[in-house]
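This is the structure I want to talk about, given as structure tokens.
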Amino acid sequence: MRQFYGTSLATPFMLGTAQYPSPAILADAFRQSAASVATVSVRRESAGERAGTAFWSMIRDLDVHVLPNTAGCHSASEAVTTAKMARELFETDWIKLEVIGHTDSLQPDPFGLVDAARQLVADGFKVFPYTTEDVVLADRLLDAGCEVLMPWGAPIGTGLGLINPYGLRSLRAQFPDVPMVIDAGLGVPSQAAQAMEMGFDAVLLNTAVAKAGDPVMMAVAFARAIEAGQAAVRADPMTPRDMAAPSTPLIGKAFLT
Amino acid sequence: MKITVNGDPVEIEAGSVTAVLAKLGYGDTKVATAVNGVFVPASQRDDTALVAGDALEIVAPRQGG
Amino acid sequence: MRQFYGTSLATPFMLGTAQYPSPAILADAFRQSAASVATVSVRRESAGERAGTAFWSMIRDLDVHVLPNTAGCHSASEAVTTAKMARELFETDWIKLEVIGHTDSLQPDPFGLVDAARQLVADGFKVFPYTTEDVVLADRLLDAGCEVLMPWGAPIGTGLGLINPYGLRSLRAQFPDVPMVIDAGLGVPSQAAQAMEMGFDAVLLNTAVAKAGDPVMMAVAFARAIEAGQAAVRADPMTPRDMAAPSTPLIGKAFLT
Amino acid sequence: MKITVNGDPVEIEAGSVTAVLAKLGYGDTKVATAVNGVFVPASQRDDTALVAGDALEIVAPRQGG
Amino acid sequence: MRQFYGTSLATPFMLGTAQYPSPAILADAFRQSAASVATVSVRRESAGERAGTAFWSMIRDLDVHVLPNTAGCHSASEAVTTAKMARELFETDWIKLEVIGHTDSLQPDPFGLVDAARQLVADGFKVFPYTTEDVVLADRLLDAGCEVLMPWGAPIGTGLGLINPYGLRSLRAQFPDVPMVIDAGLGVPSQAAQAMEMGFDAVLLNTAVAKAGDPVMMAVAFARAIEAGQAAVRADPMTPRDMAAPSTPLIGKAFLT
Amino acid sequence: MRQFYGTSLATPFMLGTAQYPSPAILADAFRQSAASVATVSVRRESAGERAGTAFWSMIRDLDVHVLPNTAGCHSASEAVTTAKMARELFETDWIKLEVIGHTDSLQPDPFGLVDAARQLVADGFKVFPYTTEDVVLADRLLDAGCEVLMPWGAPIGTGLGLINPYGLRSLRAQFPDVPMVIDAGLGVPSQAAQAMEMGFDAVLLNTAVAKAGDPVMMAVAFARAIEAGQAAVRADPMTPRDMAAPSTPLIGKAFLT
Amino acid sequence: MKITVNGDPVEIEAGSVTAVLAKLGYGDTKVATAVNGVFVPASQRDDTALVAGDALEIVAPRQGG
Amino acid sequence: MKITVNGDPVEIEAGSVTAVLAKLGYGDTKVATAVNGVFVPASQRDDTALVAGDALEIVAPRQGG
């Protein structure tokens, strides 16, 4: 499995921490799925609230890699400031860089994304950019110093799966050595398996697990699917063919008519 | 002086970010700060004075996707 | 999990036994994937060859349910005689009924299939008919006494996956209480997960495992994918939506510009 | 007499399926049989006589999908 | 263009006559789209009602081929009797044979369909069977004496288009010389063009035109799309390729940097 | 039909002029398809060659709108200079702006594209940017002063059709008032009809026509398909439904069993 | 006698299909007929007698898809 | 002096773009020009002198997609 900024992950499953019915269910989802990375955010804290401390200690107990995001930022400067606050709070130079360019689709803004990536890399961050399947944008992000790409499967929270397999395949083929994570848009495990089968290195999701009827079971389901897709690539799948071919040999068949 | 803290107007005695955090009652809560959209590291809070009209943002760890 | 003629399977994974590089790899594929059913066939035996005995003892050691097939039969009578020979040899009344109607696609013959099913049920067989997604044909097979259906995903050996999801969904919806196995045509694990997510009760395949570069690893990959799809259904997936929705809450976001 | 066994012409002395299997050297091999496309259970092999022109099929367990 | 029982159609567009806002709009849809075949049915007539006479004279004025159907029949005998009544009323031996096997999907009943087709052919009918993409069923219908096949695109009235392109392609490839009409399930003209591009000989539809906001304009739209698909096949389309290729020649490009 | 920089086109069909077997066939393709816009390029001319003059007079005789391109340009400055040379030669301020960012896919470079668009608009050009389905990029191009967008269907010359219908639908929905042309990647007419049905205002293609066995017939086929899709939108198509619905009324059906 | 015509019970004097059609007032309307699910061609209506309990179906051209 | 014309090295007497085009034999051919990647409108060709090492591009209308 490819490394992410020199880090080998125990599993290629990155899981969000938002929207769970309870902290206990969140923790259980991580433990039972063996997700190896947890995405987190920074939000306003009131005096005496101490919500952050409670959340943070819970996450720390999960003993996973923490990947803070810049969710909701619509400009490079906002994202950069948010990243710096996150680095101080979470004591990590990893940052999931989101610069949203379009409110309905939450699509990344290619321009703000590259701008922010360049600033953050210069400041010593290890940037995980949430991007599209655009190969030119990918090239710019790599030029800016990103060593990982996180193309979307579909718009955040839609659960539509991989809406542009052709584009994602082209992206994967164009940069064979770059670690890539399919981030956002997945709804069911088969889509995560498909992403791994296409050669992506990991999968990041949140809503599909947190909003399932049983988030813990769904987290495990995704974990299994990701293992399945990863193993499938290593096992070298058969080549699909248009015409049928018998699996049971015809030779030796009894003549009975 | 009047400043805004996390978007709300606050009337508070002038001072450093450290002093203001203390007065607001954050004590030793683990937070990160920005003034007027610029990050202020914990190490610089003592030396960063707030003036009237400043916008102070105080954030902490939260759930994220 | 639904029962198959009163039998609860340990796992919803049925695996073929043909085309493996070696018997050792075949056995290993079953052991490591925990497939619970093995499909087998009957073929001509020469005097002194004893190939059948060797194969049979190997299969018995796997300690799985054995499902003999009538592969290669093109008429009801041929299939019925083959089924009877198989019952005597494998000491089971389970039969995977194949009546091929079209050589290029190995598509089941709806007419011969219903005819053979009726005869075999009358003779005490527990028939697992290899069929299409045709709901009327399914209805006839149930009338004939079949208590399980095995619709194809795609033509045998193609590895194309589920070529007609709409038709398969309609079939699943039409007979909610009938145990159904997606049989044939799968190429990669994500397709098996998808089949389970659609509500099918098990998956049967052979070529995708036996012809993979590493059959054992691929068998395990399919096993994981099948678990994933099965768990996903139980966990009650989110409903896909066309518009994006943030996973990280917007409330509390710092204002930084 | 001439019969076909698994598709091949064979010259063999008339007799029951059991007798013919023995003469062909199947001994106690685990096989199933059909004559002229009709299944002959093991229990009926003694009582099933083969006559000239009969087609005998002798099968055993094999790999299948 | 292939002939249908020896008849060359002026256009490969067959149009239904039901569900139009008014007879005038129906007539206009036929005239402006130049549809060459009109499907009709037989229904109960009350004494003095004379609705049949009015409808029939209107259809006759369209000067198109009339193709009566057996819509709503669920058994071979019902369909056969209906066909005979239709032949007497419409004075044609053409019959669109529908034997419905499943109420929700209005899927043809393969068994009743072949049975009725055999009886009708024996009685001198020219049978246009409404069938599925099943190649074995197709073979049986041809054996029964049908010289035309009408596979569905999708269930009647859904407007989903061609739900199983792989299956339809296989059917088309299996019987290259049999005239085939894609019947039912189309919703928009691009789907009709696609059907023709796949090598089908004609398209039959009703709901997509009759239930459009402007049935006349939609009929014309389908007529254009059918022409487009038919011409595309004759014009021998380019072969799709996975990699891009410049249309504007690179040679001679000015060097400007 | 929407206007393009104040110009109403006689037909929403824009056709390339490259790769035809002969100038006569090119001219015939335009005449018989009634394409209303011809794309052209500028290339090096040798002394005494006069190829440009011959080509240009032939194009002028077609009496269509001329849309020069900047094909093959990989930087904004190159594209801008090329655009200026084209304006002088073709005496039009229309320019199809191509800034290629990726050689294999010929994908537009979002960054160079916006940069060049801004410069050209400032210089009085009417820019037709060849772009992707990216809504943020689209927004930037509109900010830069473009009043038309030309999103790709698939990479140039592939003939794959609309590879990301979801993305194209989102783009169309996001800017309901902006004239949009599906440019590049189409292979068969049904795809052009589909593009129009999705609400796009015109279609631009070249390879699918020029490289067809019979370019003239294929040009006409595309023209018909484009008309079909355009009329379909106006005619207000039925809403697709999952369950079947009889087109022939059931009421009045004879009871025959 | 009692018969059913297009599904409705009708009390009518016995007679041939032709006679019954006339009594029902179909006159020369263009219709096709079936009795008890069996087609009765126009040419045989005179010779086809209806008896009590018969089900007569009378149909005419209609819209169809 | 040495310049390049459409990518090829050319030895030619110094002069304006107009002069060079004439010497090269373009006569009144309809062309557009750029020098060192910068567009030179026809109206400015007289006033645009070429110097050694300049790259002159001369283009005309062509097929395009």
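First chain written, first letter: the chains are A, B, C, D, E, F, G and H, and each begins at residue 1.
As a convention for this text, a residue touches a chain if its C-beta (ideal position, glycine included) is under 8 Å from a C-beta of that chain, and two chains touch if they have at least 3 such contacts.
Because the structure is a prediction, the values reported are computed rather than measured.
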*Indicate the lowest number of steps between chain C and chain G, counting one step per move to a touching chain.*
2
*Chain pair with the higher count of C-beta pairs in contact (A-F, E-F)*: E-F
*With residue numbering as the guide, point to the option in E-G, F-H or B-C that repeats A-D in over half of the contact pairs.*
B-C
*Averaged over CA atoms, how far is the centre of chain B from the centre of chain F? Could you give it in whole Å?*
54
_Computed distance of Cα centres, chain H from chain E, in Å_ = 63
_Length of the line joining the C-alpha centres of chain A and chain G, rounded to whole Å_ = 72
*Note the residues in chain F that touch 2 or more other chains, in rising order.*
16, 18-19, 39, 41-44, 69, 71, 77-78, 81, 85, 104-105, 107, 156, 160, 184, 206-207, 246-249, 252, 254, 256-257
*asked:* Show the residues in chain H shared as contacts by 2 or more other chains, in ascending order.
replied: 6-7, 34, 37, 57, 59, 62-65
*asked:* On the basis of the stated criterion, which chains touch which? Give every pair.
replied: A-B, A-C, A-D, A-F, B-C, C-D, C-E, E-F, E-G, E-H, F-G, F-H
*Would you pull the chain D residues touching chain A in the complex into a rising list?*
6-7, 34, 37, 55, 57, 59, 62-65
_Sites on chain C touched by chain A in the complex_ = 16, 18-19, 41-44, 69, 71-73, 75, 77-78, 81-82, 85, 104-107, 155-161, 184, 187-191, 193-194, 197, 206-208, 210-215, 217-218, 220-225, 227-229, 231-232, 234-254, 256-257
*Could you please specify the touching residues of chain E with respect to chain H in the complex?*
246-249, 252, 254-257
*Provide the residue numbers of chain B that touch chain A in the complex, in ascending order.*
6-7, 24-27, 29-34, 37-39, 41-42, 57-65
*Please give the residue numbers of chain A that touch chain F in the complex, ascending.*
101-102, 104-105, 107-111, 114, 132, 134-137, 139-140, 154, 160, 163-164, 166-167, 170, 174
